[in-house]
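Handing you a structure now.
Naming follows writing order (A, B, C and D), and every chain is counted from residue 1.
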Amino acid sequence: MGITDKIYKYIFMVIAFSSFIFLTGIIIVLFKEGLPVLSSTGIFSFLFGKSWYPTATPPEFGIFPLIMGSLIVTLGAMVVAVPVGIGSALYIHEIAGEKQKMFLKPVVELLGAIPSIIFGFFGMVIVAPFLQNLFNLSTGQCAFTGALILGVMAIPVLCSIAEDALSVVPKSYREASFALGANRWQTLWKVIMPAAGSGVSTAIILGISRVMGETMTVLLVTGGAAMMPKSIFDPVRPMTSTIAAEMGEAAVGGEHYHALFAIGLVLFLITLLMNMIAEYISRKYRMKLGMDV
Amino acid sequence: MRIKNIVLAAAISLGLGALAGAETGTLVVDGSSTLLPVAQATAEAYMDKNPGIKITVRGGGSGIGIASLQDSTCDIADSSRPIKASEISVALKKGVDPKPSVVALDGIAVVVNPKNGVTGLTKKQVKGIYTGGISDWAQVGGTAGKIIVVSRDTSSGTYEAFGALAMDGEKMRPDALLQAASQAVATTVSKTPGAIGYVGIGYISDTVKALNINEVECKKETVWNNTYPYARPLFMYTNGKPKGEAKKFIDFVVSAEGQKIVEEQGFVPLKKQK
Amino acid sequence: MLEEIRIKVENINFFYGLKHALVDLNMDIYKNRVTAMIGPSGCGKSTFIRLINRMNDLVSHTTLKGRILLDGKNIFDPDVDVVELRRKVGMVFQKPNPFPKSIFENLVYGLQIKGVTDKKVLNEKTETALRKAALWEEVKDRLNDSALRLSGGQQQRLCIARCLVVEPEVILFDEPCASLDPISTRKIEDLIVELKKDYTILVVTHNMQQAARISTKTAFFLLGELIEFGNTEDIFTNPKDKRTEDYVSGRFG
Amino acid sequence: MKINPEKTQKIGFVALFICIIIALLVLGSIIYFVFSNGITAFSWKFFTDIPRKSMTAGGVGPAIVGTLYLVLGSVLFALPLGVITAIYLCEYSPKNFTLNLIRMSINNLAGVPSVVFGLFGLAVFVKLFGFHVSILSGSLTLGILILPGIISASYEAIIAVPQSTREASYALGATQIQTIKKVVLPTALPGILTGMILAVGRAAGETAPIMFTAVTFYSRSFPSTIFGETMALPYHIYVLMTEGTHPEEQKVIAYGCALILLILVLAVSSLAIYLRQSQRRKYA
């Protein structure tokens, strides 16, 4: 290799490490800015403390209600997104003809491209008032509305990843099943779905991770009450919206500021864990099908 | 090649823009979201009158505004509360000396549904309702029924002010409904018979009824003579006494023309100087 | 006619990881001759000719022992510039692989990377090369068309012309007709015979008739070993080794 | 009880059909509401004028231009990094450890919540590097956010360049860098551009990362320097819905902004999808 080629190789290598550097940078920043509050409040009472009163005197930094807010909204969203997203993937994969596929796949992708602020806006001006009237709620801005909108937002993620997983199931499985006299539904349900199972579960995990990190939508539609939700119709304050809403109010370098970074850290670690699980499963899955990993 | 040229051209024009931008007179106003509407509307009117100047209004919150003033990244810091001693000492270390100018008054009205028989509450009762001690209208002399507590969301300046003025910094009851805008609070109260909420004085209308607090009516005059309890001054902080363009702008805000805008935005203007 | 040795292969052993791909190879390649490499798939004939322009440098986890002398100079010496070597030793691949650019851009690529920008030189050299590759008449009016719009046979002749533009001295053909129809194949074969006058040529082929038609020397490879090497006539009519005989008579492979 | 497999199949297929219909309906209704309400705000002035009358009238020109600057800046930052990373991964066959480390970083970076990018941008670009709240800080933050997408699109495009094309170049005496510059990148360009366009759509709509790093509530003029703050469409929608004292008038403007953003994102994404489809057809 010539000397110029070598120089380029090293320059490129350094640049290729940029994503590693950014990821490490994010981790360092979150730890550095988040740790002060964890040590002053204590990890346990930070994570499981039930009151989040960052501006009260003295302030209280217990993020359990925020974690619960994120969880209830995420779970609710999955109740919407998993059946619809995976059902859509199955439809596109199994029932749609070539022409329909050519239309449906881009449309699902477009749905996924709509910015979250627009979903949030739509949820705030249309969906929340509608649900408030429909269920006679005291406010339409609650966990239920958030879950509904986030569920819709997660459909494209789930659908496209699940569709990918379905499409790599070897054709021979299907043929074998047909040859044994199974109809399409039985083949789909008993052969293809189990074969694509871990791919589909990757889709679900990534969907959860995505929904958990969604910010603008929950900021606009979940009501923002930092309390332990008793029902799905209570307003909640998920972790992401807490950061987005309060970062402006917090004095830079103060305890509140550090607490918000600590929430960011918790959020980051949760999503990191999810992504790693998803990666692990999809690796195993691809190995099982004998593809390169 | 062509793409390269376009990118280059764009980069150059951005760069040139950077040079050109430094020449016009600019004023950066940062801080309290409570004061945002006032700062925005007065800045707009001020720029109409003085086309040479460019004012940017940022709204992070009072804390952010004071932090920017400390770092000299803004000229005027809006604040809905007096600066804290700790913030002053940080500022002084950085060679910045924050000085307040009162530019408007904030009167917070406690509102209920017009059908509600209650016409007034004491400060203690309001605090009881908002912190959780009182949950039924019968406890404050109304017809029995659950009190539905409505609040601004915790990140708003109005929440902060109400927390300080009416709840003495105590925790709000966790089941309060949080609304993202004052208008939404008013709307909720107007539609919900048992509801109570708080809004800026400008939001009082036929659809919501403002309560007397400690038997003082919520209106401009009572805010001026300091008898209405839920009122506070709103500040613009500058580095040292306002000077130059910042002084001209603040002078405009407190002028009769500026104060008219303050009132239009739902705040209480400063008392007319005689 | 006196035969001049152009390339001397000495004790070449080559490994892909642990796989011993070429075993104790020794042979001489003569100037202005077509040397054909035959043998069943995986016998190492392609691997061998890819050593001559060091294309196998691009493959990781390989080990090489032995020498290949080009005009007396070992091409694996550390002071050999592989770029220079590849200019001297051109290559045409199994599948036509024109760049997704215009015909003209394909042809001048080799010159442009050398820094030639003179339009006149470029035009002259491409025309010469296209004429030599018997493609000039077919494409002279559409030099700015995409190379991908040519037929398979034309694409392969374009690749040959692209290789000629750089003015190599040795040309390696790695199964040049494997993906072509009989008519195109014929044209390429004629071309190779024609080019022999000016170049030293090595052709890998699995088509024995083709080897017989175009080559003067033939080497038979089996499992990484050179089984027999000699005049093409001898290999086909009077092979010394039983395995060669079995192969050329179609008993296996 | 015996279940008739044919009947089950019918019910099952209908259920799947309902799923896809729900997905389509949602997309349709969002587009419908935003279009039908937003279009009333549209006028020539809406695109070019500055906000007037406490942001209840006038236009959103500065927000549009600000969003364009932020997007342009983020792409200028992320595209070279992304493409070079992809080149390194494809062309220089790094050792397994390096490869896995970089891949792991990309995958996990792609999963980081957008608001966390905002925190990172605030701590690093705004505070540590002293870029303050500016187009520069926002562009860098958005750039990191879109980097993983650009890398994977570029990687797919570069890895799809046939090995034989590279070999042709080497056989003609090209060096590695010549081969990359003159053959690999031009061949992969359509794929890389598709990835870039998708990234543009993503960057234009993101709000949380720019909230603390780039945006301002109100600015009279168009952004003139990358070292200054700017208005931006998505943030403008957010403030119009949550701040200010004229919610009804502001809602109209917010609808208009949402429509601009929606058109922008849908147009850009459709273009990318179209390019990708025609690419596939070409190679298929």
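FYI, contacts are C-beta pairs under 8 Å (C-beta built on N, C-alpha and C of every residue); 3 or more make two chains touch, one makes a residue touch a chain.
Quantities reported herein were computed from a predicted structural model and do not represent experimental measurements.
When chain centres are taken as C-alpha averages, the shortest distance to the whole-protein C-alpha average belongs to D. With chains reduced to the mean position of their C-alpha atoms, the one farthest from chain C is B. Per-chain CA centroids place chain A at a distance of 55 Å from chain C.
We define each chain's centre as the mean of its Cα atoms; on that basis chain A and chain B are separated by 35 Å.
For the pair chain B and chain C, the distance between C-alpha centroids works out to 81 Å.
Within chain D, the positions touching two or more other chains are listed as 175, 212, 241-242. With touch defined as above, residues shared between interfaces to two or more other chains in chain B number as follows: 33, 59-60, 180. Residues of chain A in contact with at least two other chains: 2, 124, 220, 247-248, 252. Of all residues in chain A, only 1-2, 4-5, 8-9, 12-13, 15-20, 22-23, 25-26, 29-30, 32-33, 83-88, 90-92, 94-96, 102, 104, 106-111, 113-122, 124-126, 152, 155-156, 159, 183-186, 188-189, 206, 209-210, 212-216, 219-220, 240, 243-244, 247-248, 252, 260-261, 264, 267-268, 271-272, 274-276, 279 touch chain D in the complex they form. Contact residues on chain A toward chain B in their complex (touch as defined above): 51, 53-57, 60, 65, 124, 138-139, 141, 220, 223-228, 234-235, 237, 245-254, 256. Only residues 51-55, 69, 72, 76, 132-133, 212, 216-221, 223-229, 239, 241-245, 247 of chain D touch chain B when the two sit together in their complex.
Residue ranges of chain C in contact with chain D, taken from their complex: 53, 55, 58, 60, 83-84, 86-87, 90-91, 93, 95, 97-101, 109-110, 112-114, 159, 162-163, 166. Of all residues in chain B, those touching chain A in their complex are 33, 59-64, 66-67, 87, 148, 153-155, 160, 163, 169-171, 174-180, 188, 192.
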